[in-house]
Amino acid sequence: MSTFGHYGESHCRSVGCIIDGCPPGMELTEADIQPQMTRRRPGQSAITTPRNEKDRVQIQSGTEFGVTLGTPIGLMVLNEDQRPKDYGNKTMDLYPRPSHADWTYLEKYGVKASSGGGRSSARETIGRVAAGAVAEKYLKLAHGIEITAFVTSVGAVHMFPPTPEMPTPSQNPDFLKLLETIDRETVDKFLPVRCPSEEASKRMEDCISEFRDKEDSIGGTVTCVIKNVPSGLGEPCFDKLEATLAHAMLSIPATKGFEFGSGFGGCEVPGSVHNDPFIRAPESAGAGSSGLPRSKLTTKTNNSGGVQGGITNGAPIYFRVAFKPPATIGHSQTTATYDGEEEGVLAAKGRHDPCVVPRAVPIVEAMSALVVMDSLMSQMARIGARSHLPPLKQTIPPSSNGVSSGQ
Amino acid sequence: MSTFGHYGESHCRSVGCIIDGCPPGMELTEADIQPQMTRRRPGQSAITTPRNEKDRVQIQSGTEFGVTLGTPIGLMVLNEDQRPKDYGNKTMDLYPRPSHADWTYLEKYGVKASSGGGRSSARETIGRVAAGAVAEKYLKLAHGIEITAFVTSVGAVHMFPPTPEMPTPSQNPDFLKLLETIDRETVDKFLPVRCPSEEASKRMEDCISEFRDKEDSIGGTVTCVIKNVPSGLGEPCFDKLEATLAHAMLSIPATKGFEFGSGFGGCEVPGSVHNDPFIRAPESAGAGSSGLPRSKLTTKTNNSGGVQGGITNGAPIYFRVAFKPPATIGHSQTTATYDGEEEGVLAAKGRHDPCVVPRAVPIVEAMSALVVMDSLMSQMARIGARSHLPPLKQTIPPSSNGVSSGQ
Amino acid sequence: MSTFGHYGESHCRSVGCIIDGCPPGMELTEADIQPQMTRRRPGQSAITTPRNEKDRVQIQSGTEFGVTLGTPIGLMVLNEDQRPKDYGNKTMDLYPRPSHADWTYLEKYGVKASSGGGRSSARETIGRVAAGAVAEKYLKLAHGIEITAFVTSVGAVHMFPPTPEMPTPSQNPDFLKLLETIDRETVDKFLPVRCPSEEASKRMEDCISEFRDKEDSIGGTVTCVIKNVPSGLGEPCFDKLEATLAHAMLSIPATKGFEFGSGFGGCEVPGSVHNDPFIRAPESAGAGSSGLPRSKLTTKTNNSGGVQGGITNGAPIYFRVAFKPPATIGHSQTTATYDGEEEGVLAAKGRHDPCVVPRAVPIVEAMSALVVMDSLMSQMARIGARSHLPPLKQTIPPSSNGVSSGQ
Amino acid sequence: MSTFGHYGESHCRSVGCIIDGCPPGMELTEADIQPQMTRRRPGQSAITTPRNEKDRVQIQSGTEFGVTLGTPIGLMVLNEDQRPKDYGNKTMDLYPRPSHADWTYLEKYGVKASSGGGRSSARETIGRVAAGAVAEKYLKLAHGIEITAFVTSVGAVHMFPPTPEMPTPSQNPDFLKLLETIDRETVDKFLPVRCPSEEASKRMEDCISEFRDKEDSIGGTVTCVIKNVPSGLGEPCFDKLEATLAHAMLSIPATKGFEFGSGFGGCEVPGSVHNDPFIRAPESAGAGSSGLPRSKLTTKTNNSGGVQGGITNGAPIYFRVAFKPPATIGHSQTTATYDGEEEGVLAAKGRHDPCVVPRAVPIVEAMSALVVMDSLMSQMARIGARSHLPPLKQTIPPSSNGVSSGQ
């Protein structure tokens, strides 16, 4: 996220971000950003938190007459509820919420924000979604890259449940087919859950409702696919594409895990089955629309999730992110006070989101866009630099046919 | 990994790294580093690759009379086999290995290293392990931090198999007990697999042997626990501790996933069960040996994996990393040539590692140490800066008792 | 400037910045920031540009009840004149202004902002001054650090003119005395020029008026002194304190040079005279108020400008920054059109600042504060990390008395 | 210097560096690097320090068959004199050398390296020169960029002495002519001083000899010109090209100042004279050999030093760096002991370099190459990213002719 900084807590004046390095000469207005802001908003249905937020984004700088200048783009969203409020629950001032950031923030900073975690509010994700929307605009326009996330599990309800025979969905033809065809419009037809399956979606909605009614909460997973990514993105060691994606995803509040391609289930598949054989790429395929050279090869299967050795191979990139059950629940909990002097019972007043995965969908998409954008810029620098070198006078000697797997 | 750079391919003169920012005044010699280098070496048993490597580390700079100066520490390990060799298999020069980095490196760089992936060799992990050993020395000496990784699954053989009732080991008392007691000496008693269970270890060894005999390969998972970490480490947004850990782990070759605390299984547990209630910390517990103030609270359970809102709470940090089956196998595979002109059958000659998890153990430990060290240095800067501020003249008004979960 | 990002052009909605890493628990309100904003404003006198600007800063985030939370601080200043305006001079649309950024911005971005350089407006310095004011607050409160800049030359009028006998003011006792006593209140008594000498100030004012009347412009230099900086700040190689200061100063618009301590003139002084002998530090001196250990030594002279080998020695840091004559002048200039097709005469309408040094004073102070803050945070991390190491078991052998000057 | 890390002290096993991001597919062997290493070596004449050093560079990684792979390039130079030696001068163990880093290193790290400053040895510049040579190879091959530094003053002996009428050499036609024609071969004809003027060179040599005979030292300045740099390099705010150049130059040991283009003298020139009018660029000029589009304009004069608003305009970049008199001198100095308990007389034994500027020439060139390389890579990313955007549907409205100088 070298190109992105952001600020904001729950109850400050505004939340915002600065995007540095956006290419100049791209059409950009608030209308490109607002749709993802709105998809992120709470209050979209009976099963998400009903508080009404407006979240109108304003471009502060970096564009003129609707075109990017190449200079930093400042984005801002006013907080409408700027003052700390009493949620009618003095106990929440005495007790750090279990599994919430209240306690660790106090340990880190030595200052207790009146709004508990302060910075660890879901409102900080507004800046991420806004910046991601700008990156997505570029990726789509310049390379035809499409990013779509959707819910694949809520609690124990899975869209593609693992089985001993098929420990990973990467071997399920239905899953692979879905990756090829899914788009955001389709995903949003399955509101409020955003799981693109009539049957699974219904069961997930029931599951969330059940937990909501019990004033409890439940977790779930979001799967994301990124299509039309050119080959060659990602750095070979520390900044492998999967590593920077994992970093980005685990930086989203409430996440507990990340797997890409065959993932954890892939560990149970023999190498002879797991390896993705190369085949000749169809003429029409690949990075044709990207303006970059089309790859000669593609893979027959895609257990790799579009990344091999940290570098994209042109196949769809896909991964799954785990979100825990929200920590703030109405259900009463016995826990200690901040000073450790006594234990008591804490129960959050008001209505709280029983499951975050439907709203996490645009956040996962936004973070994906930022990561792909960064890796694309790095590779652009490399390609550009190489392109000005003269052809090698020397040729690789023909006897250099040794291959080693190294150790 | 801001404090660490490294270089090296399979067949170059040496591999090495530079560690910047190591605290001055710490005793350090090669003897502190070599043990982990040796644990990383292949050829430790019949089920790992038998090629003999020496991997003697040499400190180039940054110490004098066995004490760190605070200046950059250069570390180097000579490659004994510096020239590309013919593995007797011309086909490997024509075919990119399926699911290996051969193809993507060529797409990225436009240059084909004679050793296939070149930089994507397991030899690049030598620099990581060496740097990690230096970080570990500091963490142990200064804060009593202990990092221990071990194998928890090979193929479908799990040390703690998930069940519908217990979808995550974070709710298994045996697992939690193991985290408290495990150390490296114990782990190495279970060589060659490094799974600290007589029974599971035996079955894993059989599993690996079976795949080796079929010239095939299999994946597995490594679990790592970090004990005695002070509270307050990790940054609140993009550099949450779990995010930087995930980045580090997914940068290790052959990884497919990362989960911390309750992980993917935790998504299936209700919030009321998943939340970790706070209790008063026992006098003897916590960061006592670290020289940092002891926390007043600890948690009764540890589904959080020691991190809440991206920041450590003083409880043990634990996570699990998925490793895929190695791509280079003797088993024959039908795949395309580099130019996509024809398909053929590729079968790697020589003996290849059928499962990487036993050797991955010290690499996971090393990357953990580097991440914790970085986050500790950041927090030291914050604590140090804050400590020189005068007490606040102003007090937080007593009516500021509002708490919100934010959105 | 790792801790600081900013955005804004001349005519966008607002300019602003994000400060990351400000220590928590510090009192901070807009009243701490506004004074420097006001000192930066144009229109302070007859010899500076008369356009009226308000430049009211608003804290967006990172504080609550007037105390910093440790989270990112967003600062914003609305642009009152948000729309590009016709300055009645169509020629300025056809011609890139000589020695201005109009042309190079177009070459870099391929997009021509209607306001010429766009980002290269003096308005971008608002974010710097705002962020600097926050850093200064901390440095003053926590370490008693004081930063004061003032004008030392305008055109050929020098406050301390170099002579063959005294090629650098670092050997002038009057100059050294001034460094010890100068403060901002004194500097502002010498408005509009901000040169703390009745006589020189008068001559400088005359010089500027003369160039204003000719619709021409003139350059000058600003000297800055930073007092009470603890010893040990700055990194030994690439981030020497003088290197990061030089980076910061040369990033200010219109700068042409940087020298610290004896500077360019010091090259003409023999080493035997230039070297600063060490003497015992007086009990009352040094970093006493900083909470850091007081140095045992100080230097008799200060040709070093408070920095030796890139690291502070506790003596006052001082340096001088060169500002060129402003490029935008009413004076007519013959120059080529953007497309190079023809040459013509360009003369800027309106009134333009004939000399920027008086207004540059708070900008130089702000950038100084940001640099010192960054280096202080790094050193805090090092001190903190080292403080938890056990005492060395081993002692440095007494025979290790070799000293070499290295090569 | 994001792409470059290095290690090494005077007496450790080796000094070295890692270059990350070198474009793949470039021919590179030790023979490309060694010449600058040799130019940096001491002992090249009677007026530089006579200790003999070999400084043979070895490529450790990142190339194969003499071609860069795109992976990190490790470079190493063995230290031949690895053990701290007694220079026969116990006093140097008791006394920190005045104006040397001995004292500040101890203040920073709390550890006293036996070799005094340790890291602050001129030997650390070996890694810079080696990395710079690799960058230069690319810049020359890909863009025809040529970097040449030379000595322009020693003590009070100036090649282009400033006068009241001509306060800056940027207005001297002889100087501008020299910038156009100078190359390294010519500079080295003027060994030992490297000032390309028979007359000035002789006087400088005499000046250095005089100080050497008095066991004293003297400073000087180095001017550097970078030709054929494409327009558009450098970032608009904090990473203006002059700012990153200043950072790089002030990071070289013993530097005291940096000025570019008209520099400090330019402050005394009226804007009407100082501004560089644009003229149509000749067909043959500019970035023709660079593969980047040729600029339509160039400037008639070059007070800007090739950079306007932080961004290159295609004209030659030139700047001057001040080096102080070396701190280690045979001349006796009265100074305090480390503990401040007593004062005494210190006189360095052995022969020490009386003036560093001749040897600083290749170091200035190396750091210039690293800075230009970094800025070029950034601009490559921007150009590459922009090139894939579709043409703007919208056109800038013709009435947008407002131009403002901003404030």
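For clarity, chains are labelled A, B, C and D in written order, and residue numbers in each chain start from 1.
One rule holds for everything that comes next: a contact is a pair of C-beta atoms (placed from the backbone, for glycine too) under 8 Å apart; a residue touches a chain by one contact, two chains touch by 3 or more.
The structure displayed is predicted, hence computed values, not measured ones.
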Most widely separated chain from chain B, with each centre as the mean of CA atoms: C
Pair with more cross-chain C-beta pairs in contact, given B-C and B-D: B-D
Centre-to-centre distance between chain B and chain A (centres being mean Cα positions), rounded to whole Å: 23
Inter-centroid spacing, chain D versus chain B (mean Cα positions, whole Å): 40
Rounded Å distance, chain B centre to chain C centre (Cα mean): 43
Residues of chain B touching at least two other chains: 6, 9, 11, 24-25, 65, 67, 70-71, 84, 108-110, 114, 119, 236, 382, 386, 396, 400
Of chain C, residues touching chain B in the complex: 21, 23-27, 65-67, 70-71, 138, 141-143, 236, 290-292, 376-378, 380-390, 392-394, 396-397, 400
Complex interface listing, chain D residues touching chain B: 5-9, 11-18, 20, 24-25, 58-65, 67-74, 76, 84, 108-111, 113-115, 118-119
